[in-house]
Every structure is written in C-alpha cells, then in structure tokens.
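First chain written, first letter: the chains are A, B, C and D, and each begins at residue 1.
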Amino acid sequence: MYANSSEHNTGMNTTSNIRTDLALESQERFVRDNVEIHGVIVEQYDDTEREITVSRVVIESEKGAKAMGKPKGTYITLESPNLAVPDEDYHREVSVLLSKELQKLLPLELSGDCSVLVVGLGNRMVTADSLGPLVSDNLLITRHIVKEYGRLALDKSYVHEISSIVPGVMAQTGMETFEIIKGIIEKTCPDAMIAIDALAARSTKRLNRTIQLADTGIHPGSGVGNHRNMLSKESLGIPVIAIGVPTVVEAAAIIHDAHGDESITPHLNGMYVTPKDIDESVKRLSFTISEGINLALS
Amino acid sequence: MYANSSEHNTGMNTTSNIRTDLALESQERFVRDNVEIHGVIVEQYDDTEREITVSRVVIESEKGAKAMGKPKGTYITLESPNLAVPDEDYHREVSVLLSKELQKLLPLELSGDCSVLVVGLGNRMVTADSLGPLVSDNLLITRHIVKEYGRLALDKSYVHEISSIVPGVMAQTGMETFEIIKGIIEKTCPDAMIAIDALAARSTKRLNRTIQLADTGIHPGSGVGNHRNMLSKESLGIPVIAIGVPTVVEAAAIIHDAHGDESITPHLNGMYVTPKDIDESVKRLSFTISEGINLALS
Amino acid sequence: MYANSSEHNTGMNTTSNIRTDLALESQERFVRDNVEIHGVIVEQYDDTEREITVSRVVIESEKGAKAMGKPKGTYITLESPNLAVPDEDYHREVSVLLSKELQKLLPLELSGDCSVLVVGLGNRMVTADSLGPLVSDNLLITRHIVKEYGRLALDKSYVHEISSIVPGVMAQTGMETFEIIKGIIEKTCPDAMIAIDALAARSTKRLNRTIQLADTGIHPGSGVGNHRNMLSKESLGIPVIAIGVPTVVEAAAIIHDAHGDESITPHLNGMYVTPKDIDESVKRLSFTISEGINLALS
Amino acid sequence: MYANSSEHNTGMNTTSNIRTDLALESQERFVRDNVEIHGVIVEQYDDTEREITVSRVVIESEKGAKAMGKPKGTYITLESPNLAVPDEDYHREVSVLLSKELQKLLPLELSGDCSVLVVGLGNRMVTADSLGPLVSDNLLITRHIVKEYGRLALDKSYVHEISSIVPGVMAQTGMETFEIIKGIIEKTCPDAMIAIDALAARSTKRLNRTIQLADTGIHPGSGVGNHRNMLSKESLGIPVIAIGVPTVVEAAAIIHDAHGDESITPHLNGMYVTPKDIDESVKRLSFTISEGINLALS
C-alpha cells in the first residue's frame, strides 16, 4: 500500500515529506545534491539488448539507513520504458530476469525442497493498490499438492512448495497484517516469504516501469521507531523478500519536482498521480511478476 | 464451498450419494419415508406477514447426527420465495430477522464488549461460490478502530469488535483453511467466529431463497471421521456459527428428484444446477447477510 | 472521457492549455482576473440545509462561448463536499435535487409519454472513466416493456420510456461514438438523449464532489472547428442533455494552480490526479446519478 | 444468449421442447432414431494429432431446416476435451484452426481490404452469458486506425478493418439487438459481420469443449415465424457468421437424457446446468476465440 497513512510501506521517510518507496530515488536525491553517503553502495548495469537498467543499492550501515530513510539491506531495481507496453514476449523476458534476481535474494538451496509463502499485500478493490492481490491470483500454487501426494506429484521432481495469501488491508479486516501473517506462518511453517505490494514513487517516469526487489522485508507505518508491525526476518523469523512496483506518485511530489519546494495546499492530501492506463498496466505487471515468481521457485 | 470434493462443507453425508448442506432437507427425507428419528427435534414457524418460514432442527444425540449425516447442534432455516426478488425493503426485513436469530445463537452478553471474527469462505472468482467473500466485503469492520481509539470512538458506546478475513480456497492458497484461521485466531483472540459459505441444496426450489444458520461450525471434507480440519468450537476453542445460502444443486440431484434413483452418468460429475440470475442473486444475498451481521453485532 | 486526446469532452478549450470540463471553472478564471465576459450569466444558490451549492452558468452569445471555450447553453453545477462521503440518505437527497434540475433541462411534457435514450460514455475498463457505463448499469430500463405490453404494464400509468446503451470508446469499437449513436437513434427514435461522462476538472477540490448538467450536448475532440462528431441537437436532431462528474485533474493543472505557470515536463502527459478512493467514489456517484435519472423520468 | 426466453439464439426449435443451439446435436437425434433426413449433409474429420473432431453439417433444403429446427446453411463444430484444460499452447492451436474455418465461411477476398463488424452478444454481468462481451474485449480493433491514418499505418499492409460492439441484452438496453446493430451497420458500412454468443447444448459433455461456426446468422427468439429480429444476411444486407460455445445445458435436458422423457417439474424453469469452473472456462475460451478472429482477419 502506497499511502502515507497506510498500513504498509517499504520505508520510513524521515528526511523528506515527500514519500518514495524506491531506494533508487532516495539515493538520487543525494547524487543531485552532490552529497556522498557513507554505508550506501550503488551499482548500475544496462542490459542494452533488452533495454533494461538493473540497479543495486546496498545500505550497509545504520547511518546509511538513517540518511536514506530505509532499512539496511539490498534493493534491486529493474527499470524499462517497455514495461508500460503490452508486448507479451517482452514481459516474458522481464519475468526471466526477475526470477534470476529473486533467486539471488532468496536464501534457498535450489536443489532442496523449500516452502515459500507469497503474500499479496494491498487492497483488491482499489485499482492502484491491487498489484499484490493480482499477483497472488496468478501464482502456481503447489504446497497442498506436495502435502497430499508428495513432491513427485508435481511436473518436476524438485520444486519448492508455494503457498499464498491475500490478507486484505486493515480497513477490510480490522486486524494488523502482521497479526494475520504471523499466525499463518506459525501454523504452516514456510522457509521464506515473498511480499508483493504497490509502491509510491517520486517521479512519474517510473510509474509502472520499475520493479523493486528488496531483502529488507516490508515496513508498515511511516512513524520513526514503529517497528511493531514490520514484516521482516526479525519479526517473523524467516527471510522476507519484498517485490514492488510504483503505481502512484503523491500529488505533492510533482509540484515539488517542478518547483523545488513543497508548498502544497491541504486539498492535495489523499491525491495521487497515476497514468490513465493504470487499470490495464497493473493487470499486465501482475502477470509479469507472478511468472517471475513461478519461474524462480520451479 | 459447495462441491463434494471441496475443502468445506457443513455436513458429512453418509447415507446418500446426493449431497445437501441443509439440515432441513436431510430431515425431509425421513418425513417422506415416514421414519421417525430419535434425537432430532423439528419446529416450524410461519411469519405470514413477511412470508418467511423459520424452521429449527435440533440434533440432540450422536444417533440423530449419524442418521442425519450432520453434526449435533441447532440449525435454523429462513425460507422465503421473495429472497429471490430484488426488493430492497424486503431484504432489510430479512436482515433484521437474521440478526435476531444470529443473536440467539451467538453466546455473547450483548451489553458486553465481545470480539467476533467473520470468515468469508469460498472462492471469490467462482460466482456461485463467492457468497462468503462478498459478505465479508460489506461488513462494518470495527476492531482496528476500537484497538486504536477505544470503544467510545464508535457511534454507539457498547459494540462488539468485528474483524474479518477472506482466506481463499486451498487451490488458491496451498493451505488448509483450518491452518489459516487457527493461526489468525491465536494472534487476534476473538470471542466467537461466524463463517459464511455457499451451500449445496437438493431442491432447486431452495436456491437463493434460503438462509441456514447453525451453531455446529463448518465441517470440511465429506469423509467419515475426517475431523482434522473442522472449523468448530472443539478445534478452534471458540464458538463457531455458520451462515450459508444454497446457490447450487448437484446435477445428479435433479435426476434423482424426478425419478427416484441416482443412475447418473459420469459426465454429470462437477456439474451444478444454478438459476440464470445467479450472479445478481449472490450479490444481493450477500448484502442481506452482511447487514444481518452488522445489526446483530451493533 | 476526460483526456485531452480523448474522443469525448464537453468543451473545446482554446484559451488555455489546462483543460476543465466544468463551465463553472472556466468562468472562475475570469472572476479571478476581474474580467467581465459579455454574454455569460452566472447565478449561485446555497442550499444550506443540504450543504449543496447550485450554480447556473448561461452562455448566451458566440462571443461568450469563445471566451469560455464552451458551447452556448445552460450549465448547472451541484457542488457538495458530502458527495464524497458514503452516506446513503444524503445521496438520495442529491438524487432528488438532480432529478429536478434534469427535468428543467429536459424538454419533455411530463404528463406525456416521451422516450429517452441514456448513453453511458467512457471506458468501463478504466476506473476513472467508468462513470457512464456504471450509470447505465443501474438504470430502470422500460422501453422494451412499453413496446411489448404497453404503458399500463408499468407501475405508474404515465412514464417515459427509457432505453440505454454503453457504446464503448473508439479504441474498443473502432467506430466514432457519433456513428454508433446516430445509427441507434435513427432506428429507435427517442425524443431526447441524456449522455453521462466522466469529466476533468482543474481543482482537486471538485473531484467526485460536483455534478454538472448541461443542455449543450457532448462535444468530442478538443480541436477548434471539429464539429463533425459532436453529440448535440444539431447533429442528432433531438435535445441532448449531458451529465458529468469530474473524476480527474490533469497532473499539469495542479502545478499551474500552485505556481501560476504551466512549465510542465513532458512526462506528465497522460498523467492524472485522482483521489485514492476513486474506485469506490465512482461506484457510489453512479448510483446517485442513476437514481436521479430514474426519478426524473418516472 | 442461451435461454429459451432470451432475445437471441441460433435456432428455432420446433420439434422438441429441449433446446440445443448445436446443429450437431439436432442431427444426432436423428442418427439415434435411425432416421435419415433429406437435405442434411454431415461430414466428420478427426484431427488426431490435436485431438480435435471437426464436424460439418450442411442443411440444404427448407425441409431439412424444418426437421432440424435450424435455418439453412453450414454449421462447423470443433470439439475437443482439451478445450476445458488451461493449456495456453493448445488453445493457440485451436485459435489457428478456428481462424482457418472462419476464413472459409467469410466471403472475403483476403488480399483485399474488407471491413468486419464483430458483435459480442449476451450479458456481461451473467457469467455463463458473457462469452460475446469478453471476446469483444480482446479483439485487435483496427478500423479507426485505418480511417485516420490509412491501411499502411497497420503492421501489415493488407489487413481487414475490424470494428466491434457489445450491444447488451434487451433488459439492459430496452432495445432489440436488431435495432442497435442495424443502425450501426447503416452508419459504418461493414462488409461482413461476426456475431459471438454463448449457446445452450443438450449434452453436458460438450460444455466449454465445443465451438460452433455457422454462416446462417443469429436467430433471436424461439417462436416459429418470428423472423423480425433475426441478425442475418436477409435482414442486415451483409453476410453474418455466428460463433458460439455451449456454456449451459437446460436443467430439463439432463433429466430427459437420463430417462428418455421430459416430465419436468416447473421449478426447473430458468435453471441451468454448468460446470463448476464456468467463470474460468468462459474467460479462457473468449481468449481463444478472440485470437482466432484476430488471426482470420490479419
């Protein structure tokens, strides 16, 4: 969920009023101001054939985390203008690339037999926030088959068990997402968790054209020090990989970008900038991500 | 979920191949055959003004349970031909009646401050099985408000906390519904649970015109002795009220009804009889039930 | 449809790059600049009890039309902050008010037996553009009943015949909306037409809180002089009333509002500002408008 | 639309109370009874590699039409058990086969530049009746591009113009589908029309596993002699190809099949037999048919 006031986001933003969930964008601010941040490593790689830029931001120290307004860990960003285009073959290539980056972050021994819980965060009823539920809808679910018939019942003999849940948002459930997920994990004992969520970016250029992976978990609530409901290795006891796509920019951010200040009028609160084709884009990207997860875990 | 092979149903049917989830229909078979069953009490009341028939079937003994093919407990059935009609005022009256019957079954001290978890069972993507998820969508969720701001933040000072979850079916989650619900209950500690599900009837006359309430829980799996995944007071530690509406009849059942035998051809497996307006009916009935629950818990 | 490049909008905007479909907002610009426009009459009325402001802008002359960037005619605007609130009773009051304003614009002799075609413009698959199709979904359609059984078959003996069509947008149909509607009108001969469409506003304060009625028809295409595909009395031969709700603001507009210029970066093209609850708001407003039309024509 | 009382079906059924829209099934009745019908030619071909049976029923004479209860013309049926299976590659093969059969029926000179209107019949809001609208949603629409930029603007230089409309059913529009389509055809002048509709079969074995093509048009209303609203070459002036998939069997039919009579109880009226996975099947088949049409016209 991408809202300031929302239950989930992937970072606490202490140094700026304008939110971004992308580590890449947090870091760009420092590049622009010509400030070097200790404890933050940035690498970039252009896949010119596929026209994809892969960036890796590693936040190594608490100091770097504070400056960036994001937890320590590794953030991978896949950026491509073509992600906004309805080209099925291209999206399949992105799924393959995504699956490889995901496998690097997932602490699985791939010849083994791990169990992964995929959590589709966000609100199915709000188009720009429906990425997580839609990804969950398209996954190849296998855990119940393995439990019932054994691993050999599946197409390939060595495969990870996949389970999935769409918990809903607090306004729908009355419960913290953390409570729901913690309960389910204690009963079903997965080895790792992948959480999918729609994100907020600062730049409209990145909307629906960027996929971020992070090994930091998902951090609900924007307040400083509110670690109570974080979905992370610390709180859940298993590695948590977050995958997100920015689907909105806060309305205030585009004023800031154009004019360098943030003198917004109050009625922009709760207003978001989205592309006109958001309904179609979110649907298409959810397929791309589902397929990436299916490939990574097969 | 109404299928024979499904994860959930409300009864194990050991004495007949043709399934019904309605205790009223199980009992009618004995009436037809002029057989008296010990340990089963049946009462009926006609609300002629509202054209609703309220039936109460109480299964008191294990012997009765075996004969009926249903767990011991109380089953209330509201039947009305008008439920199939899009009359908003009429549906509001049914909601009021439903709320009263629900309050009788719910072991709450209504002046107190209980917490109730409503579980919307079934598959949102399958029209005839989407009753549970749709009911959940329309509930007035309050638990998170009470947790954050206290009970006085709500419109009325004494109100029960409502939380809700749509767990999905096993093919979507890879997990037993029991595992999901048990985990959530352990973390959020509700005082009671209400489970909503689409049911299978024997008679097409009852489709979308009948609401069954039961204090027996929801009994997944049709095999005898498979108590492993039952959602009940025994397995979950809190009272479980089930509310259901029959939305389908197994195709085999209408042959049986017409001719008194069950010589069905195999290709009727997985085939269901539904009214043509099933999409609209399920939506309408989900509002009626949501409103009944909202009223019962306010 | 609210987009600059879209097939439909209700006005050609020749004097500013930033679009508004609301005559009230076109006029506010002149008020701000303290410019008087000849041929434009503005009246305003506050319904303090219901907290609704009703404005009437009448463009009387071609000169006024040119200054305003809108066709000659009468534009009624209902504004209320409460329209964004999910209060069913309040929305019913707005429906009643809307029905009365609609009756004033509709050139029907209400005791007679007119036939009205309601056209739900826009794209059902794009949330912010789905207002028209959703309004159409909730109308009380009567034309076929009157044709088959006569007017006495309806609840009230004197009622207008209502028919409705959701033509889709050009990218879905490959046809101009004008071609579709003109063909249908020639075959079914309604006495008047009501066209519903999502609009673009300039101010986010008006999003989902404003209903505009106009007797000018719907004017597709923003180019000057492109009258080819206008849905109007001139082109269709019957009165055309337009009803619209602003659901988006062009991203460029909020920068302009904040800073008084329009120096937008190209990547804001195709970007729109919407409230987070757009999915729910559009659904709710479509009920309010459907009910207003149902009341006006019964 | 598959209902007896519905506006559309593809055949008038004068010789039996149990409806089938499949010419193949009408003919099977005579085979079973060992009756030869003059003026009806039947051919069958098994594509063993793809496991598809292609049948061709040609009704040559009025006498044959009367016996069959279907208009004169050619009916092609593609049958495959695998159509019910979610195998993307297989569905692509069926699309190719469908496109070839469609090209044979379409009286187009394929090197020319024809314009084809695709009409998605049925009710989008009723799952089992939503095939036509869903096919329309997935078509590659080109007419507006050719009209605006010329044929060379498309990927291939020689391509047919495709336009499409989802007219809705009479309860939604208040208009006969014939009125809507006739009006649109007069304004947009296509060279041919393809109508897509959900059908009723007699045998549950054929549900969602059969595609019927016919060059006879679509025949609304089941009454004898009601030719008023037929969508056909006679009434519309252009060739009309019908494509349909049986999605339901009337409940009465399965009793008849099991016992050889039709002694149905009245409450089976308006009841239909569908497979449990109807929601998913209709969606999948709509893609297969859209792709077949896209291929046939490119």
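Throughout what follows, a residue touches a chain if its C-beta (ideal position, glycine included) is under 8 Å from a C-beta of that chain, and two chains touch if they have at least 3 such contacts.
The structure presented is a predicted model; accordingly, all values stated were derived computationally and were not measured.
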Common touching chains of subunit C and subunit A: none
Shared chain contacts [subunit B and subunit D, defined touch]: none
Most widely separated chain from subunit B, with each centre as the mean of CA atoms: C
Same or different contact residues where subunit B meets its copy subunit A, judged by the half mark: same
Averaged-CA centre spacing for the pair subunit D and subunit A, given as whole angstrom: 44
Cα-centroid distance, subunit C relative to subunit D, in whole angstrom: 37
Where subunit C touches two or more other chains at once, by residue number: 125
Graph class of chain-chain contacts, one of line, ring, star, complete, other: ring
Pairs of chains found to touch, sorted by chain label: A-B, A-C, B-D, C-D
Contact footprint of subunit D on subunit C as seen in their complex: 125, 136-137, 141-145, 161-168, 170-176, 179-180, 182-188
Of all residues in subunit D, those that touch subunit B in their complex: 3, 125-128, 203-205, 207, 251, 254-255, 257-259, 263-265, 267-268, 270-280
